[in-house]
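Everything on this sheet refers to the single structure shown next.
The first chain written gets the first letter, and so on, giving A, B, C and D; residue counts start at 1 in each chain.
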Amino acid sequence: MSQKFVLLMHCEDAVGIIHNVTGILLRRGFNIVEQGEYVDPESHRFFLRTAVEHGESAGIEEEFRSLGLEDLWFRFSEERRHKIVLFCGKEAHCPGDLLIRHHSGELPATIEAVVSNRSDLQELVERFDVPFYHISADGISREEHESRVLKRLSEFSCDFLVLAKYMRILTAEFTASFPERIINIHHSFLPAFIGAKPYHRAHKRGVKIIGATAHFVTSDLDEGPIIAQDIEPVSHRQTVSDLIRCGHDVEKIVLARSLRLVLQHRVVIFQNRTILFD
Amino acid sequence: MSQKFVLLMHCEDAVGIIHNVTGILLRRGFNIVEQGEYVDPESHRFFLRTAVEHGESAGIEEEFRSLGLEDLWFRFSEERRHKIVLFCGKEAHCPGDLLIRHHSGELPATIEAVVSNRSDLQELVERFDVPFYHISADGISREEHESRVLKRLSEFSCDFLVLAKYMRILTAEFTASFPERIINIHHSFLPAFIGAKPYHRAHKRGVKIIGATAHFVTSDLDEGPIIAQDIEPVSHRQTVSDLIRCGHDVEKIVLARSLRLVLQHRVVIFQNRTILFD
Amino acid sequence: MSQKFVLLMHCEDAVGIIHNVTGILLRRGFNIVEQGEYVDPESHRFFLRTAVEHGESAGIEEEFRSLGLEDLWFRFSEERRHKIVLFCGKEAHCPGDLLIRHHSGELPATIEAVVSNRSDLQELVERFDVPFYHISADGISREEHESRVLKRLSEFSCDFLVLAKYMRILTAEFTASFPERIINIHHSFLPAFIGAKPYHRAHKRGVKIIGATAHFVTSDLDEGPIIAQDIEPVSHRQTVSDLIRCGHDVEKIVLARSLRLVLQHRVVIFQNRTILFD
Amino acid sequence: MSQKFVLLMHCEDAVGIIHNVTGILLRRGFNIVEQGEYVDPESHRFFLRTAVEHGESAGIEEEFRSLGLEDLWFRFSEERRHKIVLFCGKEAHCPGDLLIRHHSGELPATIEAVVSNRSDLQELVERFDVPFYHISADGISREEHESRVLKRLSEFSCDFLVLAKYMRILTAEFTASFPERIINIHHSFLPAFIGAKPYHRAHKRGVKIIGATAHFVTSDLDEGPIIAQDIEPVSHRQTVSDLIRCGHDVEKIVLARSLRLVLQHRVVIFQNRTILFD
C-alpha cells in the first residue's frame, strides 16, 4: 500500500475537471504529493500530472473514463525503476556520462545494455559490467541491421531507447515500434542545422552560440517533440573541433536532464510539442 | 460579471484542499483560467494560485475561511491596473526602460509619479508626461526626508513602490509602512556583494560572472525575499565602468521581469522566500 | 596630437607581421592602448586590431601597404562619434532602448534621425527631439519607396543604418549602397527560423529556447555575418504573444551590444563571418 | 625542432614590449601560432601569451630578462602532457567526469592517481585502472593527515592537484607547498556562500540561480583567484537535494573547463585575479 503512482492526462478543457479527478483520488484514499496543471489557451486542451501515494488503484482507469471527458488520454503508472538501453556510436561523452550517473545511483533507471554498430566503446562500457552488443551494419541493408538490433532487444525488457550519439538514421518502421519511447540527443539547437554535421555548418555560418536538443524520435528526422535544449556561447576563435568538444558538454547535460524528466513521468506529448511538469 | 480574479493562498498541507477550493469556485460559477500549486516537502506548506472569471465573488472570503484550513493566508484580488511609483537616483537605465514599456503599453500598471532625491532624471521623466518629484535630502535627517516623501506619496494612490536604482537606504519605519509592496533592484547576484559598490568589489574579487537581483524590501538591507535574478558573463578585460555598463542591461531586465510577476499576482512570500507561479 | 586611432587589418598570415606593424606604430610615436590578434588556423588568415594614441598618422596607409603583406585589407580610423539612422516599424522596444541610451549619453553615436514606413513611433521619437521621417510605402513599388528613403538619407551624413525591427525587406541595390554599414536585429536564433514570423514558428515547433541575432545586412536575406546572439529559455506555458514579449528583451539587448561593437571598430568581416575584438 | 612552447609573461607596461618580444622569437626562428595580449588600464600591467613552434629555445630566458622590463614575471614552457592527481570525497560526479574524459583521450593530462580520505570511490576509480590511495583522516591531526598525503604524493611527479569535491580544508602549509598548482571546485557562485553547505544556505536564502566556481587554492579559504564560474537557474520547487543534484552538473563542467585552461597555459594570476587567454 506504500506504492506511488503518477497520473498523466490530457483532454478537452471543461468545467470541474480538477475537482472531479481529485475527488476520485480522495475517495480512494490517495494522498496527493505533487500536482501540476496546464490549460493551453489556444487549443483549449487541459493537461494534468498528479503524483499520489497510499491509495487504492484497482479499477481506477474505469473511473477516470467514466468521467466522460472529451478526447481523453491518460496514463496511471506505478512508480518503478525503468529499464533503458543505450545506443551509441564512437563518442564516449554521452554514454560515459550516463554510465557514471548509473554507477553512482543518480540515474533513476537501470541500463540493461548498450548497443552500437561500432565497437569503439565496448571496452569502456564493459568496465561498468554493462552488456555491450556490437551489431555491425557493414555490408547489410538498413532493414537487416535493424532486424538484428530488434532481435537483440527482444531478449530483455526495455522501457526506453536512448540514442546517446548513435549516428545512424532509423527507419520509420523501427521508430514506429517504440512510440514515445526513443529519446535522441541532436548536436544542434534545433531547428537550426537539422541533419548531418551541424557543428561544421555552425562554424561556416559563424554563429555565436551553439546548442543541443533532446527530443523524442518520430519517423520525421530531427522533427520529433523537443524535451530540452541548452546552449553555450562560442566565438570566432573556436575551430570546428573546438565546437565539437565544447558541444559535448552541452549534449551530455541536456540528454541526462531530458531523460530524468521522461523517467519521472514529467513529459506529455501533444501535437508534436512537449508539456513539461518540472 | 466579466471580472477576473486571482486567488493566492497558502496554508498547512492537508487532504482535499484543491478539491474543496475548486468546489467553492465551481459552485459560484467561476471558470478556472489558470491554476498552479506547490507543496513544500519540507515545511508541508500548501501554495495555490488560481485565476478565475465569470463567477460570483460576494462573500467568497468567508467561504474560504469556513474550510477550516490551518494557518491560512489568502488574497482574492480582482484583476485591475495597478498604480506604481518609481524611486530613482541619477541612473537612467532602469527608470528609462520602465518609462518606455509604460509608454508603449507593455507595462501592466500606471506609473503615477517618479520620486528622487536628485534632479538628474527630471528632464527625461517629464518628456513622458509623468510627474517628477525632486525631494532633496540635503541637510536634513533621513527621517525628515522620508517624512517629506511620505507626504508626497499620500497625494495619490499607489500599490507598489519600485526602487529603480534609488541609492538611499530606507528606515525600518518606512519599509514597514509598505509591507510586501516595495520592490528593489540590487546590482549584484545576492547574497554576493551585499551593500555598497558591488561592481567595484566584483572587479576586485575577479569574478567571471556578474548579476542582478530583484527583491522585496524588508527592514533588513538586501535580505528581503528574492523575486528574480539573472547574470552576465564577464572577463578580466572589463574595467569597473565596463561592469557597471554591462550590469545595467541585466538590472533593467530583471527589474521589469520581477515587476511583471508581482503585478500579475504571481508571487507569494513565505518565510522570506518567494513562490513564483510563472 | 591627442587623437586616438584604431587599426583593423587582415591578410595572409606570415612571419613577423606583428613585429613589423608595431614597428611602424612605434617609429611614429604611437602608444598602443589595446591590441588583439587572431590567426584562423584553417584559412591561415591573420587578423589584427590595434588602438593607438599620440602618434603621427600622416601617410601611415602607404607605410602599411609597403610591408608587402599578401591580400591585405586594413582600415586606420580616427576615433570619433559616429552618426547613425534608425529604421523602425511599429514596435517601440528596440528604438526606445536606443533612444534612452542615446539620451543618457551611453550610446557612443549620435542618432541623426529615425525613418519608418509607419507613423506609430513618431510621437515617441519626437519626445526625444530626434527627427522622425515617416516615408509611407503604400501604393508604391519597393524601388520607389527605397528611392524616397535614399533621398531623405542624402540630407545628412550617416555612418550606419540600424534596422531596429524594421519589417521591410531591402533590395539588393539598397543593401549594396551601404556595404558593411547596415545592422539588423532578427527575432530568432539564426539560422533557425529564417524569414517571417519566427516566434509563431518557434511556438509551433515547441522549442524550449528562443533567441535573437544581430547581423550585417547583405543582399542575402538573414544570411549576413552574425555579430551577436543571445537566448532566453521558454516553456510550453508561453503563448506566441508571450514569446514575442519575452523576445523583445533579448532583441534590444543583442542589438545594443552589437551596435557598440561596431561603433568601437571591434568587428572585422571575413568570408561572411565576424571576428570580434571584444 | 618540432617542439611547441608557450610564453606567459607580465610586467609594467612600456612602449615597444610586443615589438621587442616578437623580435626575439623571430630571430630564433620561431613561428607564432597564437598570441594574446592584455593591458590592465588601471594597474598599467602588460600581459602576454604567445604560443610558438620550430625555433631555438636555448638561452631564451636570458634574452627575455635582458630586455630590462620592469617587474617582469614570465614562464617559457614546453608543451607537454601534464600529470595531475585528483583529490576526492564521496561524490562521484567530478572525478567520474574527469575519468571519462581521461579515458577517451579528451583530457590533455594524465591522471596519475586519485587520493581520498574516504574509500567510497575506490571501486569506481579502479575500474579505470587508475591508482586509488585511501588515506584515512580518522583519529589523526590535520597535519598528520597531510603529511601522509605528501608522503604519498612524493612517490610520483605531479604538476597539478585537482580538488574534485575534496571536502577537507587544507592547511596554509600544505597549500604553500603547491603555489598556483592546486585547483578547487567550490559548489557556489563565489563570493556568495563561502564555506560549508552552500546549497543548504542557497535554499534557505531563496536564490533563483545557483552556481559553481573553480579557483586556485591559496591559504585563504575560498578566496583564491577565480578561473571559471557558471550558473544554473533554479526555482522554489527545488529542495536542497534537488539543488545538490542540479549543482553537480555545473560543478563538473566548470571544473573541467578551468582545468583545460590551466593545462594549456592559458591562465595568468596577478593580484589574486586571473587573466585568461581563451
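Operating definition for what follows: a residue touches a chain if its C-beta (ideal position, glycine included) is under 8 Å from a C-beta of that chain, and two chains touch if they have at least 3 such contacts.
On a predicted model such as this, the values are computed, not experimentally measured, just so you know.
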item: Path length in the contact graph (subunit A to subunit C, fewest steps); value: 1
item: Most distant chain from subunit A, judged by the mean position of its C-alpha atoms; value: C
item: Centroid spacing, where centroids are CA-atom means, of subunit B and subunit D in whole angstrom; value: 40
item: Mean-CA-position distance for subunit D and subunit C (Å); value: 37
item: Residue list for subunit D, restricted to those that touch at least two other chains; value: 237
item: Chain-level touch network, classified as line, ring, star, complete or other; value: complete
item: Residues of subunit C that touch subunit B when the two form their complex; value: 91-93, 96-97, 99-101, 103-104, 106, 124, 127-128, 237, 245, 248-249, 253, 256-257, 278
item: Footprint of subunit B on subunit A - complex, ascending; value: 15-16, 18-19, 22-23, 26, 31-37, 39, 233
item: Partner subunit A, residues of subunit C touching it in the complex; value: 38, 40-42, 189-193, 204-209, 211, 225-231, 235-237, 239, 272-276
